[in-house]
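One chain, subunit A, appears in both complexes that follow, with subunit B as partner in the first and subunit C in the second.
Moving on, here comes the complex of A and B:
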C-alpha cells in the first residue's frame, strides 16, 4: 500500500497528459486482449514460424530437415532472384521519381489556384488511390491492347505505329509502372501539399521584399524546407513500389521473358509451385528484412526530428 | 507566374491533373456501354456506336455478380467494425493507461507495422488452415483486422485529447471504460471515420489473400470475381468493363462522402 501511494505521488508531476499514474493492469489487458490475440496469432506467430521454416527443407507432406543457412545461400546465388530484385529496383526508379515530381508540381499548383479549384484538385487526385489494383490492371491492359487498343489508336494520329506495349520486353515494365504511378500519386500529392502548407507564408513575403523571384524562392525556401517531406516520400514510395504484385500478375504474369517478374511476383510464384517452401520464405525474409529495416529507420528519424521541433 | 499568361498556364496544368486522374475511370465506365467487340476494335472508336445499357442491366440481374458484391459489402462492413473496436481499444490502453510491460508491448505492436504481407503470407495460410477457417467469411475478416498502423494513428489522436476532460470524470468516479465510451468515442468521430473507411477500402480491394483462401465461387469477393471473369470469359470486354465500373462505384461514393476526413487523415499520416 505504502509503495503504491509513494509511486503515485512521485509519478504525479511528470504525468501531465496521463492523469492516472496507478497501474490498471486488469482493465488495460482486457482492452488489449483482442488486439494482442489477433496480432499474436496472425502476425507475430507467422513471422516467427517463417523464420524457423527458413532454416529447414519443409513441405506440407514431409518431416522437416534442418539445413542451416542453405536456403538463404540458394536464394542469394540464384540468378533469377537477383534479376527480379534488380528489376524491382528499376521499376522503383521509374515509379518513385515520377510520383514525387507529380506530387511536387501538384502541391505548388494547388497553392496557387483558387480555393474551389484547389478542393476539386485535392479530391480528384485521390480518387485513383481508392481503385483496386485488379481494376487498374483490367483497364490499363485494355488501353495497351496491341491491335485495336485505345493508346495505339491515339498514337496513330501522330503517325506512330502500333506498339505491343505489354508484349515487348522493353516496354512492358514502364507500361506497368504507369498504373502504379496512377494509383500512388494521390497519397504522395496530399502529403507533399501538407508539407508545403506548413512553410510559413511570411518567409515568402520577406523574400519578395528582398526582391527574390519565383525561382529563387523555390530553390532557397521551398526545396530546402521540404527536404524531409521529399525524403519521406522517396523512402515510403520505394518500399511501396517494390511490393507491387497484382499489376504484373494480372497484366503480364511476369512476362514477356520475365521482363516484369517483380520480386513479390517471383516469391508468389515460388510459393505456389515449389514443393519445399523454405526457399521462397528465405527469399521473402531476406528482401524484407532490408526493406523493413530501412523504413523503420526512416520512421524513427522523421519522428525524432518532429519531436525536437516541438 | 503572375498575370493572365501565368493564370492560363496554372489552370491548364490543373486541368491536366484532373484529366490524368479521372480519364482511365471515365473510359472504364464508358466502355461498359460498348458491345462485346467494340472495347478493343480496329478501326477503333472512342465513343460507343450505340450507348447500350445491356451490360449494366445484365450484371444487375446476374445472381453471381450480385452475391459477390453482397459478400464483399458484408465482409468489408464487418471488417471495418472489427478493426475499429480492436484497434481503438488497444490504442486507448496505450494512450491513457499504465500497465506492466507497456513499453515492450508497444514496441512489438509498432514492429508489426513494418512486416510486409508476403513475408508472412505462407505461414498465415498455415495458421488459418489449421484453424479450419478456409472458405469462410471469417478467413477474410479476422486475420487482418488488428493493424499496427491504425493503433498508431488512433493512439496519436487519443494523446491529443486534453487530460482535463477525463480528470473531471474521474473525480465523479468514472472508470476507464466509461471514460472511453462517454468522452473518447464522441470526440473521435473524425479519426474513427478515417480508420473505418480505410479498413473498408482495404477489404474491398484485397485480392491475393482471397485467392489463397477462398475456393468456393459463392464466397468470391468482388476483385476475385472480376479477375476470374476476366480469365474465363476473355472476349466479354464490355461486360467486364461494366462489372469493374460497378465494383469501383461503391468505394468512390464512400470516398466522396467522407473525403474531407480521409484527405485530412492522409495528410496527418505523413509526418505529424
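Moving on, here comes the complex of A and C:
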C-alpha cells in the first residue's frame, strides 16, 4: 500500500510547481530525432519503396511495368513459397523450444554451482555465439559427412550403418536445426540466467518454509516471474530461426528435394536467378507479414505483463 | 575532450580508408583515357592467370582505354552482380555462360554486339554455337569456348582390380549399373555424378535429349513436355544408382569438381570435359590409369547426344559507360590474333574446344595437344553429337532437375515427372514464355 501511495503522490504535480510538459516533449523529440532519422532513412523509406516497387514487374534495365497485385498472386499461388514458409515454421518449432528449454536448464545449473564453475560454464556456453554461421556450417557439414564423418564414425561403434544426414529428405532439416540451436544457445542462456538471478531468494525461502518442493517452486515462482524473459526469447528466437540463411545455403543448398529450402534461401534463389525482381520483393514482404503475424500470436498467447514483484 | 576528438578523427579516417578499399581498387584513370571494367568469374588458377595476362596485354596494346580486371568467385557471382546492377555499377564487360545470354538479351541486360564488332570478325564461328548467343537475329556475345557438359571418366586400375576390362568402358546404362555395383567398396564409390537439383538441372540436358529426343518444354516454349514417358528411363537410372548405393548418398563434391576421381574416392565419374584439365594438372601420375568415354545412349545409338555444349562468352552490359571500347576489347581478345587464345587452350590442357575455325586449326597443329589423351575421344564421341545449351529460363531446367532429384530420393517417377510438367506449365503462364522460343 505504501508503495502505491508514494507512486500516486509522485504522479501528481506538486502544488505550486509549474508543469512543463511541452518543454519535456521538445527535449524528448530532440533526443529521439537522430534515431528517428536513421530509422526513417534505413527502415521506413526502404520498406515503403519496396512495397511500391512490388507492384511492378521490374528489372534494373527494362522500364518498370505496373502489374498491380500480380507479383503477390504469383507468390501466393507458388506451392514452393508456401512450402518454404511452412518448412520455416516447422524449423522454428524445432529450434526455438529446444533453445529455450536448454537455456532454462543450463541457467538453473549455472545458478546452482560455485561462482568459479559458473564463470567457466558461462564462457563455454557463449562460445558458439561468437562463432560465425559460416564456420558452424562447415564444422557441422564435416560432422555429418556420410563417409568418414565424425557422427557416422561414432555410430559405427554401435554397429549402426552410416546415415546420409544431409542427403536424406527426412534427416536434413533436423540436421540443420542442431547447429541453429547450438549457435543461439549462448545468448539465450545468459539472458535466462540474468532473469533467474533477478528473482529474490526470499521468495524461495518463504516457499520452503511453507513446505513447497522444487517443482512447486519452479511452477509457482520461477516460471511466472520468468514469463517476460521467456516471451522475449520466444519472439526473438522465432524471428531469427525463420530467417536462417547461411546454414541451409552452405550445408545443403536447400536440398535434398527442397527439404531444407527455408524462406530466406528461397527468396535469395529467386532474387539472384529470376530475370525480373518483382517476385522476390513480393515474397520478402509476404515473409515480413508472416513474421509479424506469428510474433503477434506469440504475444497474444504468452501475454506480456509486469512481473509480480514489479 | 581531446581523446574523443582524436577517436572521431580516427574513425572518419578509418571509414574513408575502408570505403576506398571497398571500391574497385582502381586509382584515377589517366587523363584522356576511357576506363572500363571486366568481371571474370573465377575459374582454375591457370585460366585466371591467362585473363590477367590478356588484360595487361590489352592495356599495353593501345593508349585510349584502361581495362580494370576483377575476378569474382562463382558462388558469390550472382549476389555481387545483382548488387552492382542495383547500384548502377555493373561491369562493362563480363563472362557469361551461353545458356544465360538469350534471357539477358530478352530483358535488356546486355547489348547487341553486331553494331560494335565488324561483320568480318564473326566469320569462321560454328553456327550452332553462334546461334546460342543470338536473340531476335542479333548477336549478344562473342563465343570463346565450348566444353561438353557430360563425359564418363573412369579409373582403369580400379576396373582391373574389380575384374573388369580397363579398355572397355560401359556401353549401356545397365552395364554402367553392373560395373558400378562391382566397383563399389566401403571407401570407393562406383560412380559419382550430379546429385542435387541444381547440378542435375543442367548436367542432364544432354541425357534429356538422348532419352526423349527433346527437352521438357516445346521448342516455342508454349507447352510442357516433361511428362513424356520416355523420360522415365532417365529417372530410373538415377534412382537405381542412388538407391543401390552405387553413387554416394551425399555428394563427395559438386558436379563440376573432378577431384574425387583423382583422389581415388570413385571408380567412375560423370563430369564435363574440363575435368581433363584438373586431372592433367593435379594428378599427372594417374593420367595413364584414367580413361574417358561418352555416356551410354538409352537405346544404344551412339550417335545420339549425351551432352550439351556449354561454354563461356564475353558480353557487354547494356549500361556500359563505353560500349564501343568494351566491344573493342572483346573483339581484340576473341576475334583477332589467335596466339593468345591458343595459349588459353594450351594452359587448360586442351580440355576445352574453340568454336572459331582459325583457333581450332592452330590448336590442331600444336604438338602439345597430344598431352590430353582423352581429347580425341571426347571430340569424336561426345562433342560431335552434342547439342547446344537450351536458352529457356533457368527455372524450367530446375523443375526437371527437381524431378530427377525426387527419383533419386526414391519417390515415384511418374509422379515426379507429372509434378515437373505442372510446374513448367505454371512457369510458362507466369513468365509469359509462350512463343518466345525458337
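Annotations for the structure displayed:
Please note the rule applied: the second predicted complex is superposed on the first by the 243 of 310 C-alpha atoms of A that agree within 3 Å, B and C clash if a C-alpha of one lies under 4 Å from a C-alpha of the other, contacts with A are read in each partner's own complex, and residues count from 1 in each chain.
In this text, a contact is a pair of C-beta atoms (placed from the backbone, for glycine too) under 8 Å apart; a residue touches a chain by one contact, two chains touch by 3 or more.
Fair warning: this is a prediction, and the values are worked out from it, not measured in the lab.
By the touch criterion defined above, A:130 reaches subunit B but does not reach subunit C.
Of the two partner chains, neither subunit B nor subunit C is touched by A:205.
Once the two complexes are laid over each other on the shared chain, residue contacts for A:285 go to subunit B alone; subunit C is not touched. Counted by residues of subunit A touched, the larger count belongs to B, out of subunit B and subunit C. After overlaying the two complexes on the shared chain, residue contacts for A:271 are found with subunit B and with subunit C alike. Of the two partner chains placed by the overlay, only subunit B lies in contact with A:43; subunit C stays clear of it.
After overlaying the two complexes on the shared chain, residue contacts for A:61 are found with subunit C alone; subunit B is out of touch.
Looking at the shared chain after the overlay, A:147 reaches both subunit B and subunit C.
The intersection of subunit A residues touching subunit B with those touching subunit C, taken from the two complexes, comprises 145, 147, 268, 271. The part of subunit C that touches subunit A in the complex is made up of residues 78-79, 82, 85-86, 88, 90, 103-104, 106-109, 187, 195-198, 248-252, 318-319, 393-395, 402, 405-406, 408-409, 411, 426, 430. Looking at the complex, you find that subunit B touches subunit A at residues 1, 10-11, 13-14, 17-18, 20-22, 24-25, 27-28, 31, 39-44, 46, 85-87, 89-90, 92-93, 96-100, 105, 108-109, 111-112, 114-124, 126-127, 142-146, 148, 151, 159, 163, 166-167, 170, 175-177, 180, 201, 204-205, 207-208, 223, 226-227, 230, 237, 240-241, 244, 247-248, 251-252, 254-256, 259, 262-263, 266-272. In the complex of the two chains, the subunit A residues touching subunit C come out as 59-62, 74, 78, 144-147, 162, 164-169, 253, 255-258, 268, 271-276.
Taken together, the subunit A residues at the contact with subunit B in this complex read 16-25, 27-29, 31-32, 34-36, 38-39, 41-47, 49-50, 53, 105-106, 109, 112-113, 117, 120-128, 130-136, 138-140, 142-143, 145, 147-150, 152-153, 179, 182, 185-187, 190-191, 193-195, 214, 228-229, 232, 243, 245-246, 250, 264, 267-268, 271, 277, 280-281, 284-285, 288, 291-292, 295-296, 299, 302, 306.
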